[in-house]
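Okay, here's the structure, questions in a sec.
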Amino acid sequence: MIDKEFHLERPLRWGMVGGGRGSEIGYIHKNSALRDGLFTLVAAAFDVNPERGREFGRNLGVDESRLYDNYKEMFEKEAQREDGIEAVSIATPNFLHYEMATAALNAGLHVVCEKPLCFTVKEAEALRKLAIEKQRVFGVTYGYTGYPMVHQARKMIENGDLGEIRIINTQFAHGFSSGMSELTSANTRWRQDPKIAGPTYVIGDIGTHALFLAETMVPGLKIEKLLCSPDTFVKSRAPMEDNAVVLMKFTNGASGTLWASAVNAGSMHQQKIRVVGSKASIEWWDEYPNQLRYEIQGKPAQVLERGMDYLYLDDDMVNSFRIGGGHAEGLFDAWANLYRRFGTAMDRVNHGERVEDVMKDLWFPNVNDGVEGVRFVENCVRSRDQNSVWVDYQ
Amino acid sequence: MIDKEFHLERPLRWGMVGGGRGSEIGYIHKNSALRDGLFTLVAAAFDVNPERGREFGRNLGVDESRLYDNYKEMFEKEAQREDGIEAVSIATPNFLHYEMATAALNAGLHVVCEKPLCFTVKEAEALRKLAIEKQRVFGVTYGYTGYPMVHQARKMIENGDLGEIRIINTQFAHGFSSGMSELTSANTRWRQDPKIAGPTYVIGDIGTHALFLAETMVPGLKIEKLLCSPDTFVKSRAPMEDNAVVLMKFTNGASGTLWASAVNAGSMHQQKIRVVGSKASIEWWDEYPNQLRYEIQGKPAQVLERGMDYLYLDDDMVNSFRIGGGHAEGLFDAWANLYRRFGTAMDRVNHGERVEDVMKDLWFPNVNDGVEGVRFVENCVRSRDQNSVWVDYQ
Amino acid sequence: MIDKEFHLERPLRWGMVGGGRGSEIGYIHKNSALRDGLFTLVAAAFDVNPERGREFGRNLGVDESRLYDNYKEMFEKEAQREDGIEAVSIATPNFLHYEMATAALNAGLHVVCEKPLCFTVKEAEALRKLAIEKQRVFGVTYGYTGYPMVHQARKMIENGDLGEIRIINTQFAHGFSSGMSELTSANTRWRQDPKIAGPTYVIGDIGTHALFLAETMVPGLKIEKLLCSPDTFVKSRAPMEDNAVVLMKFTNGASGTLWASAVNAGSMHQQKIRVVGSKASIEWWDEYPNQLRYEIQGKPAQVLERGMDYLYLDDDMVNSFRIGGGHAEGLFDAWANLYRRFGTAMDRVNHGERVEDVMKDLWFPNVNDGVEGVRFVENCVRSRDQNSVWVDYQ
Amino acid sequence: MIDKEFHLERPLRWGMVGGGRGSEIGYIHKNSALRDGLFTLVAAAFDVNPERGREFGRNLGVDESRLYDNYKEMFEKEAQREDGIEAVSIATPNFLHYEMATAALNAGLHVVCEKPLCFTVKEAEALRKLAIEKQRVFGVTYGYTGYPMVHQARKMIENGDLGEIRIINTQFAHGFSSGMSELTSANTRWRQDPKIAGPTYVIGDIGTHALFLAETMVPGLKIEKLLCSPDTFVKSRAPMEDNAVVLMKFTNGASGTLWASAVNAGSMHQQKIRVVGSKASIEWWDEYPNQLRYEIQGKPAQVLERGMDYLYLDDDMVNSFRIGGGHAEGLFDAWANLYRRFGTAMDRVNHGERVEDVMKDLWFPNVNDGVEGVRFVENCVRSRDQNSVWVDYQ
């Protein structure tokens, strides 16, 4: 069970860029950061429309004087205050992540950034270098990996409960863009625009979630080569893909598939992962996140439930839980688990630890994971652009 | 979608009694009240051990001077402050609810109280009378009814989608006390002690949740007669029951069963409800709260998903949702939905509306619902004490 | 795995009464008896309309001369043949079972009879007495108990895997008569006519299946007292009930509920059973008959699959299976398992064993089980007729 | 509902090659052929061990004089009889199919053959040519396609209920060879031996089932190009693969994946298919064959149940069912549906119809489907042998 009295000496002073009125992602960032008292929201540049952003901030109770027109103004003005922000979350469309994250690090801020960090590995590496140089924590909101049962799976795999890992099939395949949802949803529209979203649609948007889920469950997982086979079923979306299958060969000898889709008609998320070992398999589905299916070859399949004593319980905050078994935890709880870790990491660095050491010691989706997401997209694009051949992973 | 900018003129000043260190119920009260910014926690008497309670409160950031030894001191001292609490949540074992809630109302506070309100209908009626007399909001934390799909079911039934209601089978039947869990769990122990828990174990502890779920889904539901058949499978628990089936005949001609159990070995909650009408049935399970099964006779069964456009969407806050479909919401979200309603009701009464009018206009588990829970237990006891005969509901 | 070469010295000469054109139950009797080569169909009186029955029989390849106008003629004429039938199956509406089964036994035939055997315990006891006196096998087609996983459950319970049995909840609650299906379905109509169906509708028609499922899984189960609470939701069916809940106290200290319904709108069968012990529970559902859920308190729930090595495998034919795990077996296979046992029992008696000994040694739904089904209905009626009070089981 | 009086003028005289003692596949062939009275088993060469085969045949009641040492003798001797066999089923290991099927056709017999027909497309085409030339029916036992819900899916797709077909993901991925099962199971051993099984293990053994399931559901489906990515996780099996993913592009613009595996630890069959259209998707799983999930984008998911009136009901025998909804049908019923069609086709050809016309008019897995299975394997091998590149489908 999560330590419900866990607290920092004092909460971290925290600001937001983006995530204003009507933003679902902003809402969950805010809920998660504030959930456990590790952060207080003291400043924001919520909106490209400054007035609308300010009104939004006032409603949240943020001091009027710290509601800024844009991130540049915020970083500058906050830096001049004794009680200026120490950390910032970036919840804007993709194309802004790189410049904002760079500016935030340069302003000496810890950063929590939406994925993808940026559009090229070169940029991503620059962000990593900068974060280390500035000794700032850089968290990436791969929110689904905050679910405790994902970490139960990770520990089972680490512990060898599955034997040698052979097959990893991971997918995030919703159906919400089966029709031309971009005509009515601004949120869908920008994700299909390469200038705003980056070089891919579903691969970057949701495929990277499916990949990071696999990377979290299987520690040390590295792709050796891959092949990306994309489709554009709604033709007007070309050259952006709305469906893709990626075949992967991993350095540990395992094989894998990743299916990302926005045209899997009638499905909700279908974000599912199955990891197959020589002795057993596990299967997890984000729509039913409190259960983990564990299938030992030759034995009855088991359904493990969050919150039970038979799980691997330890001091690891994410692997723990907020309420007893049987009760449902949801995505807000998963995200709060991540922010709890982000805050803990920031506090440790604030108290003098090297950020590299904290990253080794405390699991959280960090800048390295962000870089790997960008790298995956870049390799997929490279395969795609050669008519879906196998490419060595670079 | 829930209005994410919903806010009060100012948050309500709120205190807690009980719910200190190690309390799961206290944790969820606190998380829920603070979630949407309608309440601020400014005072508390967290613990029978005042020092432990104070330390706990300090960790939460409550002002030392407002961490009290007990509820009496808190109510008295807070009443003397300009900025004293306006609302209090009571999260103590059952036997204290009545005296604390009475004192709180007499101190002019809005009250959120754990169920059961008290041990007798007479006391419950006294609380109701007092709440109306004092014009205070009295909320009861039947937390599961905060789940949006429960309200989708309610609207479907109101709308006649099921036809005439014929059968209501509701249950909360866990297995956590299959063995003598009371030997190791203090939390289980007091629930089996009639002096602390009241005249029943599972009927009051979890059966009332299953009942209120039915009452919420089927508006206007009233029991005409019932029969209670209890068991004590772990003999040392006698005369308290650890399993019970209640048969009910309702005034609308429907029949029902309620199964409450703590010895349903291997089950998690098994809090499930099935409502059968002349045309269709619905089924909902709190372990998978984002789905609602809808079965029209002669048609394929349907699985309704939280967050989708095809649901009955309206201005009703609880029927709405915090994040899009496919994502999982959990119990913390459900409770937050209730506290959002409690806060809204309190604010409306603070602004001059009669509490009776607010209770008619805004659904929330209120003092009437609390009274009905106590009445159910009392009627069950009456049947039980006559060897499980049918009794007219009084 | 079932012994696929199992055979008798020679197949039994077998006839049918009822089960002609359009009869679903006749079809399954025939499929099951012929499946494993233990029976050959040589004579029949298929239909109340003799000509239609003869045409039906010809289509099946039965010798014209052995297609009879009615059962009396068949029993008489066949008795005069050297190669006359040795066994007969009775697949007519309920009110005919008693006279036909009596006549068959008196004609020296082994009998397979649909449930209920008759309308009163007195008649049922007379049939039992006659079967023993005539030393004839009397099988009753409680078809669902032919499913292998039912016997896996039985063996687990016998073996103590669940601990002491505490709770048995069994149900068969379909929705096919939610509307006035009797207006269009002759099959439904006669089941609601007390002259043809007996004193109850759903209790006898499907409730006895749910009861026998419980009796099969829990060896030695005996009811001590019961209470029957029926409903007639479609008023024109009165006094026949279309829904009923029966509470039971068993002699072993366990409690139980049985739910029988024809108005459980939108459900298919909902024939389910949950047996709860002090250590674990099992749950089985006839719509997914190849799986058995096994839940040990404090452990992950397990899903046992038919056909796997980890099951209790023995020489018992029914507990065995016809094809490997993963493949689905269905109701025809379950029934064939029963007929295989009926045929085996008949062959053993034909070879000189006492029928009482065979009944002890070889599980099959026999005349005793048929008597118990009638007894259950009679006790339910007794409770019902006293306004649903508890009655001692007689 | 299937026509339960359906019968031929006289049953077809039928023989078997292989499928003797201990053969699971032989058992199901026999059960299925005899189920509906379209065939009588009158001759066989059951076993490579003639004496064991004869003993087995005697137990089944086959006339001693028609139990042969081998297929050659059987075809020769039966041809000399007035009442010789008209049809033969071949249930031997793969490498014998070609020579036996060729001999059977040359002997003027209708043939039912296990898949794969042979090892090369050239041979397969020769069989097709011979079958047409001899005007004999050639059925292939893709048994899973006998399930009624597969044909409900086919009709929904034909009818446009899914819109344009975009994605077809099909799989058969069991875990029974996760360990070295070949050491203990002869049945597994020969399937991994290229001389007996052909050039692939899982692709041919189970992948072709998954392919034909897709071909059955989506009429007119043709592969344009494919890429086969195999793995050999148990190294001693090399060069045979025990896991493979095949990517496919179809001529209708759809994309697909096929996953075949024998090392999917802990899974039973995992033979599942999901067909995604522009408007809706369907999903079917052979372990729960009586249900079909139908997901219309933007609507609640539906669960269609076998046996219900809302299905596409027509005169088509396979799309129909043997017992009402709620009851489970299983693999034996599915196979019997196929044999019913094989028998019908043979009878029609016996009565003078051209076999090409019958194949157009009556769906059954026929020689063309057998050829396509072999072609699929050959194309997979071609891709595999070039390091898993895309190959144009030939």
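Every chain is named by a letter (A, B, C and D) in the order it is written, and numbering of its residues begins at 1.
The rule is simple: contacts are C-beta pairs under 8 Å (C-beta built on N, C-alpha and C of every residue); 3 or more make two chains touch, one makes a residue touch a chain.
Quick caveat, the model's predicted, so the values are computed rather than measured.
Colleague: Centre-to-centre on C-alpha atoms, which chain is most distant from chain C?
Modeller: Relative to chain C, the chain with the farthest C-alpha centre is A.
Colleague: So which has more C-beta pairs touching, B-D or A-D?
Modeller: Per the contact counts, A-D leads.
Colleague: So how far apart, in whole Å, are chain C and chain D when each is placed at the average of its C-alpha atoms?
Modeller: The answer is 35 Å.
Colleague: Roughly how many whole angstrom separate the Cα centroids of chain A and chain D?
Modeller: Their C-alpha centroids are separated by 44 Å.
Colleague: Based only on mean CA positions, could you tell me how far chain B sits from chain D in angstrom?
Modeller: Computed value for the inter-centroid distance: 56 Å.
Colleague: At least two other chains touched by the same residue of chain B: list those residues.
Modeller: In chain B, 294, 299, 301, 305 touch at least two other chains.
Colleague: Can you list the residues on chain D that touch chain C in the complex?
Modeller: 4-5, 7, 11, 21, 24, 27-28, 31, 35, 37, 56, 59-61, 174, 268-269, 286-290, 305, 322-333
Colleague: Given the complex with chain C, which residues does chain A contribute to the contact?
Modeller: 294, 298-305, 308-310
Colleague: Can you name the residues of chain B that touch chain C in the complex?
Modeller: For chain B paired with chain C, touching residues are 162-163, 166-167, 169, 175-176, 178-179, 227, 229, 231, 233, 243, 245, 247, 255, 257, 259, 261, 263-267, 276-281, 294-297, 299, 301, 387-390.
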